[in-house]
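Heads up, there are several structures right after this.
Each of the next two complexes has subunit A plus one other chain: subunit B in the first, subunit C in the second.
Right, the complex of A and B next:
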């Protein structure tokens, strides 16, 4: 019998979509990191004639916007922001969600009660409105956006991890560890968390996708960080000229769709990879 | 010369349009009747002094003592004639007889007395300053009103029309606080149209005044002022002919070129001379980095204002040459220091000022608050940042909502730079001078002297101009002020923004004079 590693990877590679998505995302990440090396100017520089359609001028393969800014440069620089926001916000919300879920599920009693009421409080508020409020109070910047998304989207993970913890807590190996006199911290970290983490990672990928969408929505509404180029703000700017130069809004729109699709596909692949039962 | 009538009118109309862009064709006879549909955005909350759109609504129902002609000279309205004493401190208006309010009561000098002293002087936020000197209004008979001024106030001659001084019925207003009077939302006036109905969020309906004192006016039976909050839906309603007239830039400038090409719509930019938004870039003069005038001049040289007008406003703006917009022809001068777009000069000035580029190529890092009036001003901020980056100035943009913006700029005065516009208004005394007057450095007062600019000579010129009754001398004072403003450069005058109306090609008789947008639509009629 082969090891878990190989079967896991085997299951992952059988999911073609996930492989393509993984490769695509890797390329996007590399491009985003190398953006300053690839382009001489930054994304805001007005380098060409305004309103050049894609393909008209070989210097600007994706065309220019109403300011004569290169859309390709904007897309690549925008990828940095979208991916950064997606990954950081997902990490924050997953971490918060795991912490709340594990503590709640493992200790139970009044702690569980308190934390679950808090979770419900967050769940009853519409997330986008909540994020808009936080960003408006903190002033729009990448930091405030990441914090706002991260601290409003952890509830789903918390609920999931709590359920997992409740299940694992009652399993025999945890009881055995308890009987051996292991400290609660050790039991939680070594036994509970390790077994509950794979659904959290899968949920995390979905959160990353939705964080990217939330950032785009904020920027579209003009609540993005005005000092960085993001796909949402490109769509927001392009919306003005939608009827005459639709490509300005459509190109970053396609970028968002592809990225979120890729992240979701990767999440489902990870599910196969991490969860042996899912393959059946 | 024989010419088929249709060809003739087609050709002459095309020629007229090409030459003057006029909406009036000389060879057509006005047609009576019909309903004009106007889009008003945003919907005002009442008729009185509420917003630019409230003024358009009010102008249909109430009237001023005078109106203004092509050269912004007063012509008779509720006052048939007037004279001013040589010292400028007494103005006598002879009022029109036989005019009645829409409720049937006669219009008399008592209405003028009440409106001027209790309403205009006290609660008009803009023109109130021009009426400050009016101490009393005497009414020796029922059709004579004599303004007694403590000192001359030449600006009053620019704010006597319904836009700033609508005469209200004393019998409905007396004894109530004017802004809280319930009649403000169902106004009673002497004007060509009678208020009929207001369905909030939907429309305001006014109907022809059958007993209007101007014979044969208005042509229209009704005007329906509709509210359409979404700009896309507004453009569609204009395209389909559902809406005939949309004043005050109802669609984004980026959409104007497309609408201009449609045969059933005309884009009219005239008629906004009393409503020129002057867009400018302000420095916080309390900050040490802006004490040196050469640094401020470097900013000015680094901004290509024509490109700003073309790319952000799609040509619906033009570079400003100074603080007073060119529409105020009798006071405007272009003969002042200019700061043409010149990156080399800007760099040289910054070098001389001792601001070399650091390892990252940055000379100066400053924040910039954009005007919280929508996307265009955010785009303008992006343009300014890119312009200044070329000479090593790193402008960090901050986009705030209106309330925090006003608090940050005028309340706490905690900013490096910001951009905004002030409306020039009917007279620069109302819209421009406060930017350069040290007594308008008022912490906590929105839209005051933001940079904190103070120059005793500028103060003297401004204060003298308030009471200088001789037009030529007043012009000389304000010309001098424009020179000082451009020399001292406490703020960079960037653009004169151009409001525009979108008008159906069926509409005739729309006024295109300087204050045309705020006039009653009594001469307007619809072609079939």
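Right, the complex of A and C next:
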């Protein structure tokens, strides 16, 4: 085995699926960011004849929907929303999870007890019903969707980080550092964060994938941000004409599947990249 | 029998703080909503009569401090009074209870299907000597993991209802036909096929992965080697010694997934017009009936607690190493 293959990047590139996923996601992100430059009209504009099937008119490679809106434009604009919600919601829940886990594991006692009951509470309430209720109460918007998903899906990260904190708090070097008069808080936090980065990132990619699925479900149920085009709302609209034009609902679904697949594949590639023990 | 009873009581007592926290969370969500408590409790403003609103305000003590309101709220919920839905002209508790059987049927059937199929696939992937079979199972589970449930449902409708005309698009039974007895059972079963299948797919992937990992772990155990060493046949060892122990994590996760399954039933019931709690939640969202929605959140959370308790008992029965304490 060459030395390159044992480096992190080498391990990552051996996972061909992750490389393809990484490239695909990068293209999707660039397209999503450049959407206003690529398309002269926004996703809600009526640009052609309605109900054009994909491939019929070269101007609309993915066809048009029942209002004559270009589906390709909708998909690219929808990617903005999906990726934005996935990234921010996963960041929020990872941050909350790390904070809860570190505090709970480090302090122990009644703080730990209280935070664990809280974690149990969030694990008990059915996730989508919980998110739907919060979004319905706060009024649907990108902000309320991100907040609702981010603040309800941190429990797994919290448990993971708590276990890691407990392990490190009891370790020899923290005791030694404490005996030397160093601040144990700094040492625990530093080592927990260093040790927890890779599992937290891998969990984070799973969270990002499920956040995208949750956002799609919300907009499908009519709780999406009404001002933006999203894949879930495109499927919801396509549902009304399923009998005659099923491609309108099918295409955004394929976009969701590919995106979430790519994110999870990237996550398992990152696991190889960050964790040398995971390779075998 | 006594230790089991003590275990039961102790486990039930652990549930109490979580149930109290759920009610507290519901109360805070109520306070987040626009308008005062009475506005939310009465559903969309304007749907209720002024007299009823005044009575509600009186009852809740909208002019009282928050803590008093919270106590009143606890009192109401603990007596199973979840308020009244003007949009549905029925009280919330009986509305939810009337929708419970349909959801239980859907979720229960999906769980059974998902566990059976998932364990079978996971077992296949773990024991097969052919690498491509394991690879295929892994690819299928990855795709299943990334696919929105409601979209699977819609695509099944396109294929089996619209193109092939094999199955009905939705509903619980055929309202136009006056089926009775066995015919009705067959009709309901026909209506169940697609909702159950689409709800199960996601969970099949979870159980398949879990079973594969668990089997690979258990196979390395010393007692498996002992069993092989004393000359037991490979099939006997693989079923009695490996699979049985590998099923324990599947039981644990089944309990943990009940909340997710109920979540999934919200979208699936909406897609297939299945008359359960999920569909009720969707209607509550459409009608902006926040109190009904909170009632559903509360009741489904209670269901999850009960499911977790049942899982714990099943687990204790399956695993001889666990003592009930």
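As a working rule, the second predicted complex is superposed on the first by the 270 of 280 C-alpha atoms of A that agree within 3 Å, B and C clash if a C-alpha of one lies under 4 Å from a C-alpha of the other, contacts with A are read in each partner's own complex, and residues count from 1 in each chain.
One rule holds in what follows: a residue touches a chain if its C-beta (ideal position, glycine included) is under 8 Å from a C-beta of that chain, and two chains touch if they have at least 3 such contacts.
Values in this document were obtained by computation on a predicted structure and should not be read as measured data.
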Handout entry: First (subunit B), second (subunit C), both or neither touched by A:136
Key = both
Handout entry: Which superposed partner A:67 touches (first subunit B, second subunit C, both, neither)
Key = first
Practice task
Please indicate which partner A:226 is in contact with in the superposed arrangement: first for subunit B, second for subunit C, both, or neither.
Solution key: first
Practice task
Scan A:213 for contacts with subunit B and subunit C and give back first, second, both or neither.
Solution key: second
Exercise for the section: Would you check which partner chain A:40 touches, where first means subunit B only, second means subunit C only, and both and neither mean what they say? Expected result: neither
Practice task
Have a look at where A:243 lands relative to subunit B and subunit C in the superposition and call it first, second, both or neither.
Solution key: both
Exercise for the section: In the overlay, answer first, second, both or neither for which of subunit B and subunit C A:260 touches. Expected result: second
Exercise for the section: Once the structures are superposed on A, label A:118 by its partner contacts, choosing first (subunit B), second (subunit C), both or neither. Expected result: second
Exercise for the section: State whether subunit B or subunit C is in contact with more residues of subunit A in the superposed arrangement. Expected result: C
Problem - subunit B and subunit C contact sites that coincide on subunit A, given as residue numbers - result: 136, 222-223, 243
Handout entry: Touch list for subunit A against partner subunit C, complex
Key = 117-118, 120-121, 123-130, 132-134, 136-138, 209, 213, 216-217, 220-223, 232, 235, 238-239, 242-243, 246, 249-250, 253, 256-261, 264-265
Handout entry: subunit A partner contacts - residues on subunit C that touch it in the complex
Key = 17-18, 21-22, 25, 29, 32-33, 142-143, 145-151, 154-155, 157-158, 162, 256, 259-260, 262-264, 266-267, 270-271, 281-282, 285-286, 288, 290, 293-294, 296-297, 300-301, 304-305, 308
Exercise for the section: Enumerate the contact residues on subunit A facing subunit B in the complex. Expected result: 44-46, 50, 66-68, 136, 139-140, 222-223, 226-227, 236-237, 240-241, 243-244
Problem - Residue numbers on subunit B that touch subunit A, as the complex places them - result: 252, 254-255, 257-258, 311-312, 370, 375, 378-379, 381-383, 385-386, 389, 396-401
